[in-house]
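We just call them A, B and C in the order they show up, numbering each chain from 1.
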Amino acid sequence: MTPNDLQALALPSQSLLAAVRRDAPLVQCLTNYVSMNYAANAVLAIGASPAMVHAEEEAPEFARIAGALVINIGTLSSPWLQSMLLTAQAAKAAGTPWVLDPVAHHATAFRRDAIERLLDLEPAIIRGNASEIIALAGGHSAGRGVDARDAVAQAEQSARDIAVQRHTVVAVTGEVDYVTDGARAVRIAGGSPLMPRVTATGCALSAVVGAFAAVSRDDPYVAALAALSCFAIAGQRAAVQAEGPGSFAWRFLDALAALEDDCLTRESPLR
Amino acid sequence: MTPNDLQALALPSQSLLAAVRRDAPLVQCLTNYVSMNYAANAVLAIGASPAMVHAEEEAPEFARIAGALVINIGTLSSPWLQSMLLTAQAAKAAGTPWVLDPVAHHATAFRRDAIERLLDLEPAIIRGNASEIIALAGGHSAGRGVDARDAVAQAEQSARDIAVQRHTVVAVTGEVDYVTDGARAVRIAGGSPLMPRVTATGCALSAVVGAFAAVSRDDPYVAALAALSCFAIAGQRAAVQAEGPGSFAWRFLDALAALEDDCLTRESPLR
Amino acid sequence: MTPNDLQALALPSQSLLAAVRRDAPLVQCLTNYVSMNYAANAVLAIGASPAMVHAEEEAPEFARIAGALVINIGTLSSPWLQSMLLTAQAAKAAGTPWVLDPVAHHATAFRRDAIERLLDLEPAIIRGNASEIIALAGGHSAGRGVDARDAVAQAEQSARDIAVQRHTVVAVTGEVDYVTDGARAVRIAGGSPLMPRVTATGCALSAVVGAFAAVSRDDPYVAALAALSCFAIAGQRAAVQAEGPGSFAWRFLDALAALEDDCLTRESPLR
């Protein structure tokens, strides 16, 4: 893309960030125990309203009033999977967009089976690291678990394949992110090497992708790239003063909350 | 109340804070996954000892040795509800005071039913935001989930109604808090607009209310206003140097730990 | 031991820290809800890779690929206990070393029974506070729950007894730590009084002990003292600038990440 194309692409991100802050959409998260607190704080920092409502008894009902749903299988178990399936189904029926974070889905048979069933419920956006996306497309990944051991560039073809086959948006995050809906694609630079050293940063991103999906129901591709742009800029800013992963974690929340709407065009990380 | 009355009311708070630090009461929390870490740190910061013992197999037994019990339905599920009911029952039987935090109880049928059953087990103190308290009294609230969309002032009548009907203390928190036992009532000013932007701040407050309830068994009204006073002062102090919600969160824990016993009379936030 | 002996003992710690950072071993944690985030961040900070894979459906399978397994009963329930037993068994069968953190095991009948069953599965290392270790050896402890009310010195005999009887390494942590495998023993000084005021510090330590156990399979005694040494040095450094428990928590993660390999010999906390 030309610089002008990229600038044109950055404009909707700016409007979406303003919309998130104006509407404070309810983002329902069925996420893992490790990330719940940090993801909720990231959703609050960006201006949306997190709701960690997960149980089978109420999560499907709640999905009908939520602005978006985020499902993350980081600490999966049978009762949670059962609820995730029912809630994704309810979201689908209600037209609530939902985001899938397939954490370490290739690590065990239980996860491999779970992810197949979740994929069939048509997530609007899939957000994962390179190893996860390569494995999702059936490729051989170097990842052992939650960590990414492959470069994003090696996952771009996998991302496009999944996007086309599943009619979804795929966001691969790493040193340089990649977002595609099969037809369109863009890279996002920025962030910080400290981000993978803070647990739940990826999970928090998936939750924030949900916040943007809630205010961009007709175009989840733009929602994903707006959310990733916010993380790229806030990550870069937070790293300036961080002395390690501990100080990065809270500085990053401060930076998310302090993002000016127009930073997404002024400092656009789209490449 | 006159300034003298308020000052007289602040005095017991000061003794209670000293008692919390001297006795380090065990505060058993059946709370949500989002808040567990932050609530435990807040309880430690104020000088008490948190115990997140929640399972049906042991929580009722533990309630008999705990100084107070705190039940928060933020991430409710059937097994947790079952344990909450048994544990509240055990607390009631043992004379252990217990605090109820009815998070988003009006959001789903599952929660509405759960909260009715919990209320029947006679919490000593109920701590919620304005939307939750209005809905608890049967009113129509603007809240959609965990966020408060009503002002505390609009919940004061609801709080009094619940306090009288349920023989309990009701603490409504927001920009200016309100505490009542039906007969007595007081407002508490202070805190910071950053507090609702940090997830689990309300849950942490409910846990700290438990710490004070443990050392003020004969007067839960004073326990509640002492805990809320600590949060109001610490919140105000933490906000001075905070640059956003990320830095506020840890500064607030530092501020709680640094509260001088006599700040509750010297800088009393009672109004 | 003479200063020369201690210095000789510190040398392997230094190699192990380098090995953790080079190999980034997978540390599978079945730990409590309160500590999951902080423990994962501590494992990342030391250079290893945390995996909070806990469910019965997959945790035993995962234990075969993990470098080490850590089991912590802080927020125990029946489904988790069932999974812990199966996973420890799988670890044992696969030769994966595992670490037991017997949080408040003496507080309820449920825990007392659970800990007996877990001990029979032969943990390589047990890490607890003085009250927990005294109670584990059948002694009468002053602890009421998760907090330690006994001094480490009073638990040293208990630690030796357990180590000999169970053919395991016992690490007792407190103001001055004590590590023994029954034959060998060493004390570790350092840390900070703020450490017990931050929830999950002990749980995070147990997880980091797992990281070292993964790279020291033939000598868990050295793994334990290396992990405790890292915590002692990082804790001491973090305390210098900390203004309370809130700022200590993140400064400690920064300090863990910033440890130079040779600090373990240059500033050896072994006594």
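Going forward, a contact is a pair of C-beta atoms (placed from the backbone, for glycine too) under 8 Å apart; a residue touches a chain by one contact, two chains touch by 3 or more.
Nothing here was measured: the structure is a model prediction, and the numbers come from that model.
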{"item": "Pairwise touch network: line, ring, star, complete, or other", "value": "complete"}
{"item": "Chain copies touching (chain A, chain B) - same or different residues, decided at half shared", "value": "different"}
{"item": "Distance between chain centroids, defined by C-alpha means - chain A, chain B (Å)", "value": "33"}
{"item": "Sequence positions of chain B contacting 2 or more other chains", "value": "33, 37, 249-250"}
{"item": "Complex interface listing, chain A residues touching chain C", "value": "32-35, 37-38, 74-78, 104, 107-111, 144-147, 197-200, 243-247, 249-250"}
{"item": "Contacting residues of chain B [partner chain C, same complex]", "value": "24, 26, 33, 36-37, 40-41, 44-45, 49-58, 61-62, 65, 79, 249-255, 257-258"}
